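One structure below.
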Amino acid sequence: MKLTNLDGRIIKLLSEDSRMPALRIAELLGEPESTVRGRINRLVEAKVIEFVAQTNPIEMGFSTWVMIGLKVVLADLSTIVAELEALDEVYFVAMTTGGYDVMFNAVFENNTELHRFIVEKLGAIDGIRETNTFHYLAVPKRKIAFLPISDHDKATERKRGTQA
Amino acid sequence: MKLTNLDGRIIKLLSEDSRMPALRIAELLGEPESTVRGRINRLVEAKVIEFVAQTNPIEMGFSTWVMIGLKVVLADLSTIVAELEALDEVYFVAMTTGGYDVMFNAVFENNTELHRFIVEKLGAIDGIRETNTFHYLAVPKRKIAFLPISDHDKATERKRGTQA
Amino acid sequence: MKLTNLDGRIIKLLSEDSRMPALRIAELLGEPESTVRGRINRLVEAKVIEFVAQTNPIEMGFSTWVMIGLKVVLADLSTIVAELEALDEVYFVAMTTGGYDVMFNAVFENNTELHRFIVEKLGAIDGIRETNTFHYLAVPKRKIAFLPISDHDKATERKRGTQA
Amino acid sequence: MKLTNLDGRIIKLLSEDSRMPALRIAELLGEPESTVRGRINRLVEAKVIEFVAQTNPIEMGFSTWVMIGLKVVLADLSTIVAELEALDEVYFVAMTTGGYDVMFNAVFENNTELHRFIVEKLGAIDGIRETNTFHYLAVPKRKIAFLPISDHDKATERKRGTQA
Amino acid sequence: MKLTNLDGRIIKLLSEDSRMPALRIAELLGEPESTVRGRINRLVEAKVIEFVAQTNPIEMGFSTWVMIGLKVVLADLSTIVAELEALDEVYFVAMTTGGYDVMFNAVFENNTELHRFIVEKLGAIDGIRETNTFHYLAVPKRKIAFLPISDHDKATERKRGTQA
Amino acid sequence: MKLTNLDGRIIKLLSEDSRMPALRIAELLGEPESTVRGRINRLVEAKVIEFVAQTNPIEMGFSTWVMIGLKVVLADLSTIVAELEALDEVYFVAMTTGGYDVMFNAVFENNTELHRFIVEKLGAIDGIRETNTFHYLAVPKRKIAFLPISDHDKATERKRGTQA
Amino acid sequence: MKLTNLDGRIIKLLSEDSRMPALRIAELLGEPESTVRGRINRLVEAKVIEFVAQTNPIEMGFSTWVMIGLKVVLADLSTIVAELEALDEVYFVAMTTGGYDVMFNAVFENNTELHRFIVEKLGAIDGIRETNTFHYLAVPKRKIAFLPISDHDKATERKRGTQA
Amino acid sequence: MKLTNLDGRIIKLLSEDSRMPALRIAELLGEPESTVRGRINRLVEAKVIEFVAQTNPIEMGFSTWVMIGLKVVLADLSTIVAELEALDEVYFVAMTTGGYDVMFNAVFENNTELHRFIVEKLGAIDGIRETNTFHYLAVPKRKIAFLPISDHDKATERKRGTQA
């Protein structure tokens, strides 16, 4: 989806207060409420924006929070990713370069649950060659709203970007 | 903060629709609206819950999305984490075990911007011994709302958890 | 097993002198001997406490003392652990994260015996992908009695523990 | 200390029941009680044998159980080991080959305590180049009593041991 | 430099025969020779295209052909790259992610010359933490002319590229 | 092919200007044009020299430029190399020592194309055990013309080369 | 074979001059020549000592000198070692710990021969999981005669050796 | 030193029996004894050949036999190598590529001596960043006499060697 300038300004306001009503956004931007409401709906449908009540896994009672890197048989990569996506404990999955083919994040009530997950769930997936588990001991920053890069930024980039 | 049973039920509803008004939640749970509004405020103040308009970095124009692992001089660990937290490009920071002391995530418009970040920003932080950058090529799952572990779950866990 | 305050005080005394008679413990704690004897029996039956004559493997004539890390086929993890447990040379087995799936300790009379063990015993176990052997050259500290974390400690922890 | 044949037989009995009284051992071995008592005292003084009430760290409330490998500045190795020995959380320290210069074990109430330990205690020790932390998720075998290798075993070894 | 459609067609012809005269290119494309000559000059000045007599290092007498990966102090990265660029033996330098901060290629008459290079030239550069040298034993493919991605390709990409 | 002194002087001139006509080279070297033209043809036929219009992949629209290292089943090494050679995205392939069995370079329009390449193309090749992808963020030096080592150089080498 | 004091003194003399005649050794040690000759024969038959004309591989025309580390399927370890022993290029084979299961040394006329060896010879051996090749660029020390540890040394050792 | 055909034939005979008298070699080759004796002397003086009474370190009482890989500060490489050469325990030193800058071999009476060596000797050498120790558990092949590559071999090589 191609973002318009108006989309960008709406996203900026919602990133400051995700529960701000469409009416208030319309007032701040000087646009009709129906236009704003329509844009927000389109952004949500296109999965550009998603309204989320983000919770802290530690506060929710999960004391074991990990990132697991996998080396896999490449022919099985897509299947493995689909199987990981289907697991409740797994909340983030990425295909990656730099030492692991897949990295995913998961939370568990404790180390015993992590152990069970590795044996029963990962152990049941074909094509995993090697796993490496990284425990998160503390998470001081966690922000998930990204703003669109403005046209001004892009122009600046282009000038600086000639070095490579 | 100790979560009550009511907190848990409110979080469950908000995790399904983060923009659901307090009035609707109150109706669904059969509680006075003022009670629900009060609990939500407390949850937000205690940073147990945070309302977020989550956006997709790829759609926002960031084509370079990375996880960077750091090995550091342990005496500098706290300072390094504080410096990383202050950087705009960095949206997640964790202290970790398992091969890296710190792992953080960041997004960039392109590889040239990542290069500049490494040279200018990471290069200016003392105590980093080694960096390893993992590029996210695709991110098929990304979910950030965790529900509280219910008392029922906990009871179950306790019985199973005696093995270690 | 839920430890009582009395259990904790008994464990503390036994950790100082594991051969202290129940009668002496009862005197020191001001409890009837039958109570103390009963608690000790329960602690032993629940495997919370185990009375051991710990010996030094070097003094016993074992000149090769190792920790071996294994990367394994996850589907075979439980079987592999069971097979390792059954081996006389192996005195400690753990499922782990951080680069190895299993770590175990073993002692041998010399390197030739370690070599035979690797070829004949590990070589006979299916599902081992990679082994890495670490030799202990010197062991200046070796203590195996852990005291229960007191309630006072726990309260302190809880206040400090909110950072993650 | 050179172990006699009688020492070996005493150790064998104590390894089966570490609280067996000297009188009972004397009866079983057909030796005067004073002799047995004298040998036991000598074994304990020479630190060949140590009577321990071994407890399970998980049952004691420690949910984070780790092995930490260190790469260090070799000139600082002895000092580092001495500093680790002095730390309460650390119950085992070994100088090693095979990827780490030092490996040690420690237990913590939770990951937050481990984090504090890394920052405050390890961070205060000079000469550590790199740490790698392995979490124990489950410990199905844990035995610490080693029996002396018998003369018969030694003879057998010698014949087999000519291959290297 | 923004490439025109004509630039693309000129590059395509030169990639097939780099010594093709401008006159012949002009005939094939149905453009005036002066226009073609002018475009070629601009492409060369902008370093988009470079005419090279590529030679095979093995045939030239270099029996040691290597890729060397470096881990460096990030604050010194730019200086290190500049010093590597100035070395005659080094014919390719890249800043990289994925385990090394810098990778470069070089050729030597034999291993003794490589050894001298490591000691005298790399040893004189500050900020190198670690080097890893990979020897090329055989090079069955080596092609250095890249064609511009056509507009048609780009349209195709865009449709397929929505997955990330 | 054994290079003559004249070959060396021709290569030197062509390395300075690869489009220099044979006539001009003949004048500069004081040789008949037919001789020079004949030598150049032989050098090209023997693949000692190749005339190339080298282009910059970044300028051509490839924003993802990588080196990929492979660990492979050795019995499949030759087949794997042949399959890599046949892939359009791959412009350089080498058999190597030092951690990878094969290293190759490739360029892609973006990370999504790299992802597709890994899944569809590498995933279809049998015998690959492990891949590691290194992204080039910037390429400040890229030179591909090697001059023959002169006889003078060789004499010098021989004297210095006795140390190994 | 148990070495006598006379054996030790003979070995010491031969280590200084391996071509010293038995008669000269007998004179220096004040023993009958027949005794000395008899001891030497026994030492050679027991493979305790071997008379060798050691040559420098570089001087013999081998410009590629390597150590290759292997990770193998443990069940195949003994077979793999036997196959390596049978290869002419391989002059040293060891079963090892510390990251590789087997390490061996070999020499080749050049890198092309090493490449052929890896593809044709190592590629034909079953059970090799991973190889890593280390090139020797220079070998400043190479000594292969070890003297027996004297009784005096052993006594010293025993006193110092109690620390582990 | 340039080896003649006669040198090659002498080396071949000595490699079969290093104590063969010059007179016998002369007879077998049909050359005057004085010529053979002269060639042998020149080969020894040029260190092309060295007569050695090779002994087995295990038989000599060294139960700990290791290869140690070092990563070093490159500026200190030459000094480090010189210091290693001067150590009695070290019998082989090589500058290497492929993960370590230096590899050396050493033998020790036991692990305690190895430990002392690491702390006292390696710990006293500046510029060592990292050590990795590999223990040899068994050494089934150990041959140190290399024959010169014959002219016939070289001709064969040249034809096959064009592939790289």
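Chains: A, B, C, D, E, F, G and H, in written order; residue numbering restarts at 1 for each.
The rule is short, and it goes like this: contacts are C-beta pairs under 8 Å (C-beta built on N, C-alpha and C of every residue); 3 or more make two chains touch, one makes a residue touch a chain.
Keep in mind the model is a prediction, meaning the values are calculated, not measured.
Common neighbours of subunit D and subunit G, by the contact definition above: C, H. The interface of A-B is repeated, with over half of its contact pairs matching by residue number, by E-F among D-G, E-H or E-F. Between the two copies, subunit E and subunit H, the Cα superposition rotates by 90°, quoted to the nearest 5. Comparing the residue numbers each copy contributes, subunit C and subunit G share less than half of them at their mutual interface.
If you average the CA atoms of subunit F and of subunit G, the two centres end up 40 Å from each other.
Mean C-alpha position of subunit B lies 46 Å from that of subunit F. Subunit C and subunit E have CA centres that are 57 Å apart. Rounded to a whole number, the gap between the C-alpha centres of subunit G and subunit H is 9 angstrom. Those residues of subunit F in touch with two or more other chains are numbered 95, 97-99, 110-112, 114-115, 118, 129, 132-140, 163-164. Contact annotation for chain pairs lists A-B, A-C, A-D, A-E, A-F, B-C, B-D, B-E, B-F, C-D, C-G, C-H, D-G, D-H, E-F, E-G, E-H, F-G, F-H, G-H, with touch applied as defined.
Against subunit B, in their complex, subunit E makes its touches with residues 71, 74-75, 77-78, 95, 97-99, 101, 129, 163-164. Residue ranges of subunit A in contact with subunit C, taken from their complex: 58, 66, 114-115, 118-119, 122-124, 128-135, 137-140. The part of subunit E that touches subunit G in the complex is made up of residues 63-64, 110-112, 114-115, 118, 133, 135-138. Of all residues in subunit D, those touching subunit C in their complex are 1, 3, 11, 14-15, 17-19, 46-57, 59-62, 67, 81-82, 84-85, 90-100, 103-104, 107, 109-113, 115-116, 132-149, 153-154, 157, 160-161, 163-164.
Put simply, subunit B touches subunit C in their complex at residues 97-99.
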